[in-house]
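See structure below.
Going by the order they are written in, the chains are A, B, C, D, E and F; count residues from 1 in each one.
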Amino acid sequence: MASGICQEGDGRMNSPLDLNAVWQTMLMQSNVCCDVLIQGVFATGISDHRNFQSALAALLATKLADRAISEPALAALVASALVDDPSIAEAAAADMIAIFERDAACPDYVTPFLFFKGYHAIQAYRIAHWLWTQDRWHLARHLQSLVSERFALDIHPAARLGQRLVFDHGTGIVIGETCVIEDDVSLLQNVTLGGTGKATGDRHPKVRRGVLVGAGAKVLGNIELGEGAKIGAGSVVLESVPPYTTVVGNPARRIGTRHTTLPALGMDQRLPPVDYII
Amino acid sequence: MASGICQEGDGRMNSPLDLNAVWQTMLMQSNVCCDVLIQGVFATGISDHRNFQSALAALLATKLADRAISEPALAALVASALVDDPSIAEAAAADMIAIFERDAACPDYVTPFLFFKGYHAIQAYRIAHWLWTQDRWHLARHLQSLVSERFALDIHPAARLGQRLVFDHGTGIVIGETCVIEDDVSLLQNVTLGGTGKATGDRHPKVRRGVLVGAGAKVLGNIELGEGAKIGAGSVVLESVPPYTTVVGNPARRIGTRHTTLPALGMDQRLPPVDYII
Amino acid sequence: MASGICQEGDGRMNSPLDLNAVWQTMLMQSNVCCDVLIQGVFATGISDHRNFQSALAALLATKLADRAISEPALAALVASALVDDPSIAEAAAADMIAIFERDAACPDYVTPFLFFKGYHAIQAYRIAHWLWTQDRWHLARHLQSLVSERFALDIHPAARLGQRLVFDHGTGIVIGETCVIEDDVSLLQNVTLGGTGKATGDRHPKVRRGVLVGAGAKVLGNIELGEGAKIGAGSVVLESVPPYTTVVGNPARRIGTRHTTLPALGMDQRLPPVDYII
Amino acid sequence: MASGICQEGDGRMNSPLDLNAVWQTMLMQSNVCCDVLIQGVFATGISDHRNFQSALAALLATKLADRAISEPALAALVASALVDDPSIAEAAAADMIAIFERDAACPDYVTPFLFFKGYHAIQAYRIAHWLWTQDRWHLARHLQSLVSERFALDIHPAARLGQRLVFDHGTGIVIGETCVIEDDVSLLQNVTLGGTGKATGDRHPKVRRGVLVGAGAKVLGNIELGEGAKIGAGSVVLESVPPYTTVVGNPARRIGTRHTTLPALGMDQRLPPVDYII
Amino acid sequence: MASGICQEGDGRMNSPLDLNAVWQTMLMQSNVCCDVLIQGVFATGISDHRNFQSALAALLATKLADRAISEPALAALVASALVDDPSIAEAAAADMIAIFERDAACPDYVTPFLFFKGYHAIQAYRIAHWLWTQDRWHLARHLQSLVSERFALDIHPAARLGQRLVFDHGTGIVIGETCVIEDDVSLLQNVTLGGTGKATGDRHPKVRRGVLVGAGAKVLGNIELGEGAKIGAGSVVLESVPPYTTVVGNPARRIGTRHTTLPALGMDQRLPPVDYII
Amino acid sequence: MASGICQEGDGRMNSPLDLNAVWQTMLMQSNVCCDVLIQGVFATGISDHRNFQSALAALLATKLADRAISEPALAALVASALVDDPSIAEAAAADMIAIFERDAACPDYVTPFLFFKGYHAIQAYRIAHWLWTQDRWHLARHLQSLVSERFALDIHPAARLGQRLVFDHGTGIVIGETCVIEDDVSLLQNVTLGGTGKATGDRHPKVRRGVLVGAGAKVLGNIELGEGAKIGAGSVVLESVPPYTTVVGNPARRIGTRHTTLPALGMDQRLPPVDYII
């Protein structure tokens, strides 16, 4: 990993992420590819750029441009967001590093940056959220719609998401309007963080730091998944889950004893033996 | 809401939908947008058109044109369907209004019309179904295939669907060949209305009026979801469900007491306390 | 069905697949279409080609070309794979025939070839896997990424898949890096064959011949689904399943008595009565 | 021709052009086409629109959208120009009628509107000129550049052009920064109205009403082509030409006697016998 | 050159062109390319096809598909023309061979087939002319318009053109509605075969066998360029030219003595010394 | 103009062009644009890049990518040429500066870089020529073909061109296989530097330093346009022209007295009074 990026055992950053060090690492990694059919993707996607921000703007513009909004117009829009709120680029870099650290199938930084749609969807959300906070709802919804069409993830631009997030595989994830997702969370494919019908107001889950939600789990309503909670694949969660607790089943019930690490960092969807249901 | 569109409390239309009044409302709503990057989408998608039918044809052509069939050719095909069967445009308008009424995150008519892929998929199905009834199977299957690729929903063109339908988020929905879905039904993402293997004949679910099927529920075989039934998220339903009944779990079992309203109109995927299993 | 293609009742091929006979059948089927808006798709997709291999290369190039890699470049890449490993084209033909035999909604060979994204995803995986075995990881990951974006299926190129596979509807399927899927397997939509976190090494399921995995089932960890096993829709499977056994539920438990046929060939997701849980 | 559009024998409009009557004529003409491969072009290009302005905005957006500026963004830009300066749409309609009247190969209004690139280039110039007058030079030059790439005509946005202009075939026409072209002028392909080097200031030709410039003629410098002048094909004109006079040759010399009609309306590039050189 | 294709010194075919022999030659030539960035163009353009007709249909579809008409729809349209009138494919092959024989910069058959826009424009005209003879004027004009936009050549679909034609470089060529061009003619860039104003009826040049028209020459009116005539570059021709005669200048005058060979086959735009003007 | 770029009155560079100083100037100029519809073009075209080479590679990839070769693949190809032969980027910068200095309608460096197709065509030629010198003829011809289709200029990749070249407007320019064009030359639109038929060998014009060729002039055969020669618009030149001499007419004859400056730098197509013919 790039020197200068320190991280404690629990995933919490000790020092601010050194964006330039990350960028230098990406430049080195992008120069490894020498397959003539694909090396241009590394060149135009990474090494031709001035810095991480420029590459990120180009990435999102490339992925999301459509007949409605052109690639240069989107790139300029993203760039203006990155200038206005420097934390967006930092979060985007932190997400990339988190995937590298948690995903056994991810060999470097540039692979998720260029190829993982779960990563792309989160970064597109970050721009849509910035637009939402500026009351540019139409553009924000357009980006949300593009993400849903292109990547099959649906993240409402009003939701509030932290950083060091991993949406592994990504397909089918739905995150509602009043959701909150804190740092260091991992969601597998087909996870729903859904609401409770047509009522307005705060009606979606709050996901605390370090939570892991397994594939296909449904978490519904204004409930809390406590820090370090682990939601088994396929679970249907209708009530709040205490910190460092594993729940499983339909409806979800607590199993096993309280664990002590952040499950999101381990990405293990497997569960304790089921006869340990408490 | 536009004057002239009356609807009873239970979602059943009293008077025929006034398509022109709906269209005037949409024109007003599309003129609100003044963000230079996106206002052209409202202009070319809505306000440049003569009427709802023209805008609908352009919408589907824009969303579904690919290298196989061009945008103008698709627009002309859709337009000919809308002329041949005027109920298609009426159903398309009714679906749009239903989303506005049931989805707390939907602020007006034009947002789902332009941006919700669940809405787009249903309208594309309506055209594919019209083609199917005219024995133009190849074109119908092509449209089905496009919807599956673009939106990640798979609706067989032979299925029979009513109106005032809401497919919220939409990703992963599968609706089989001999399905019937009546009016005022709401399906969440990843719902399967599936068949029973390679047998031919009538082998898919019949979903009666006002049913709500929660996220990720699987309903399999030629069974009936009675009027006003509610299927909990993640449920696996293998037997018919009586009217106004909630089922939950894998396999699904009845919980709580008989409710009295149409759950599809409330969109509440949450459930009564689970210890009320009957 | 084309003469010269013999198959026993259990789906095992007796004689090698006669690729030329399959191709002649496809040519006949593609000439049936005379709808002016769609017949060009049959012409440029099938009947203009020299043989099955050429049509397959064009199909994948058409479906997967993007701004990164052009259609002719992809077609040439696929063609070189088909020359290098002739078993790829044979497997692709066998998959197509398997869909025709198992899917009641599939009327001929050319329909899945042109229109079923589950079929397209498997064939794209076959090329990505060939690239992976040649240490062309960047290109392999790019194809994996394209399949995930276009079709909403995620198949790791290092996984090892057999033939006569049916991925019905396809949306949401996830197949991990160390998975093995033998011949004659059927997977429904939203099936996860997932791993156990960030550990490296052999950590994904092994799916033996003839297994049927129902919609939305999650199978997690280095466990074995024995020959002829049947996994009920929505099941969460954390332990190995013996041969010719049906499991269901979250967590999955064995139900009914041992069956004797390969469930993948029957595609029946329905289950024995649930009170037969053993 | 549409009733309500009056024109004197010399091409000068007596009464203001009735844009609505022109539009009704176009709607009738666009409904004639029933070839399934092309009728969608008439539908989406003309009959789906509210009025001439909407169709014109869509036409230019369709023809000029590129990866830099999207089709809806261009359509909205053109629409705002048409609202700001209503004379643009009137001139565009007048040009279309002029082609119909002067071009023997043009059967109706909608053919040049949809298919003649000389017509498209003039209308794109009108938008670029509007941008230029508003000091939006970058956008104006981008449109100029697009016209040069797409149509192989180069019209500087600062030039001042009248209406009822016909640029027949159009390829290779070059019109410099300080050119003035009055009403009722016809230019054939490869005509240059060029400047005199790198000097700034007024340095391009002034073309008065009714002038016809034959194919490949070069007219260079701040000279005047008098009302009703006729420039023979291939001529090189370096000095002003008196009204109602024909010049021919390289360098151009006056031939024949003074004519009395506007040659632009007759479009006859042929010349009097050459021994009549004066 | 491919055996089996015999041609006399004067360019007249002795025996019918053997289309299959031509095709075999093209297959051999297309296999020479092994540059990974471009070999796919040879594969998908030539070697993947069944025969010359299939490759020609794909070529024109690739070059002319636009947002109005899709590539497969165009390919099917071209294919139906080639079936209906087998002389079109023969003429297309003969044109290709003629370029190879006359153009010193052309190394084989496949280079003009894939890369020369003058060749592409003539073949597109052949399809447009076939449409015109079937009274499908709208489609014919659309193809004419596409050729003018894409290639900057304008050939009216009603014109009648022979075979073994070479339009070298091609940019700016204009051929009017009532033109006739016989076999073995060569036109350089920017040649106009133009009419005489807005009169209807037969009003364009008749170009007899073996004529060479130099770059930028303008030939205007219903005049005849006799067999073997040679028109100097930049000439303006307003009167008929006798057979085997060279004309030059503005206006064109006869120079030199009667020549005896077909100038189109030699492609020499140079002229006898000018003092030989007669 | 950027400091550090020195140029004598005759256009000859005294000191090597400082590419970094040019690039800094371009960065400043690209930041001026604040029109939301077009500023993304300046951002993605210039300011997002690392240096002039990266921007040039992106420019050519953007302009020339087509269905045959993707944008990233072309960008990587161009980049490898720029690394292999650093003089290409220097020549590209020198051309850009030359346009700024000679074209009265050009306000800065970035305008021709982004918007002038004559400039784009020359730079694409430089890459095609590099490919040609490496015996990659197929790719070279493909680029030549793309330039001819997109820009309507045809430059043979084997021709040898200097730097500080201005191809004003550009449409219709044709430059043959054995042409040589030295530094500081200006060509107007529709100029032909053509050959003498199907003979092979050295058969195209040699254009010495500082020559200006006016619009539509045809220069044919292996003749020499001496240093500082000026060719009048529409001229047909069949014999060599002495240095610092003006020729005009069809056929071209010498006029006026010997001039003393380089006409290419002045761009004045006008001529001395014609009665000065010598």
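One rule holds in what follows: a residue touches a chain if its C-beta (ideal position, glycine included) is under 8 Å from a C-beta of that chain, and two chains touch if they have at least 3 such contacts.
A quick map from chain label to UniProt name: A, B, C, D, E, F = Serine acetyltransferase.
This structure is a prediction, so every number in the text was calculated from the model and none was measured.
Colleague: Give the chains in contact with both chain A (Serine acetyltransferase) and chain F (Serine acetyltransferase), ordered by label.
Modeller: Looking at chain F (Serine acetyltransferase) and chain A (Serine acetyltransferase) together, the chains touching each of them are B, C, D, E.
Colleague: Taking each chain's centre as the mean of its CA atoms, which one is farthest from the centre of chain B (Serine acetyltransferase)?
Modeller: Checked the centroid distances; the maximum from chain B (Serine acetyltransferase) is F.
Colleague: Of all chains present, which has the mean Cα position farthest from that of chain C (Serine acetyltransferase)?
Modeller: Max centre-to-centre separation from chain C (Serine acetyltransferase) belongs to D.
Colleague: Between A-C, C-D or A-F, which repeats the contact pattern of A-B in over half of its pairs?
Modeller: It is A-C that repeats the A-B interface.
Colleague: Could you please state the distance in Å, as a whole number, between where the Cα atoms of chain B (Serine acetyltransferase) are centred and where those of chain E (Serine acetyltransferase) are centred?
Modeller: Computed value for the inter-centroid distance: 54 Å.
Colleague: Rounded to a whole Å, what is the gap between the Cα centroids of chain D (Serine acetyltransferase) and chain E (Serine acetyltransferase)?
Modeller: Roughly 29 Å, centre to centre.
Colleague: Distance-wise, how many Å sit between the C-alpha centres of chain B (Serine acetyltransferase) and chain D (Serine acetyltransferase), to the nearest whole number?
Modeller: That pair's centroid distance is 49 Å.
Colleague: Would you please write down the residue numbers of chain B (Serine acetyltransferase) that are in contact with two or more other chains?
Modeller: In chain B (Serine acetyltransferase), the residues touching two or more other chains are 36-37, 39-41, 67-73, 77, 152, 171-172, 190, 216, 234-235, 250.
Colleague: Which residues of chain E (Serine acetyltransferase) touch chain B (Serine acetyltransferase) in the complex?
Modeller: 65-73
Colleague: Which of the residues in chain B (Serine acetyltransferase) end up touching chain F (Serine acetyltransferase) in this complex?
Modeller: For this pair, the touching residues of chain B (Serine acetyltransferase) are 36-37.
Colleague: Residue numbers of chain B (Serine acetyltransferase) touching chain D (Serine acetyltransferase) in their complex, please.
Modeller: 36-37, 39-41, 43-45, 47-50, 54, 57-58, 61, 70-77, 79
Colleague: Which chain C (Serine acetyltransferase) residues qualify as touching chain A (Serine acetyltransferase) in the complex?
Modeller: Residue positions touching the partner: 67-69, 73, 77, 136-139, 141-142, 144-145, 148-149, 152-154, 156, 171-172, 174, 176-177, 190, 192, 194-200, 203, 216, 218, 220-221, 234-236, 238, 250-251.
Colleague: Using the touch definition up top, name the residues of chain D (Serine acetyltransferase) that touch chain E (Serine acetyltransferase) in the complex.
Modeller: Against chain E (Serine acetyltransferase), the touching part of chain D (Serine acetyltransferase) is residues 33, 35, 37-42, 62, 101-105, 107, 111, 114-117, 150-152, 169-172, 188-190, 214-216, 232-235, 248-250, 265-271, 274.
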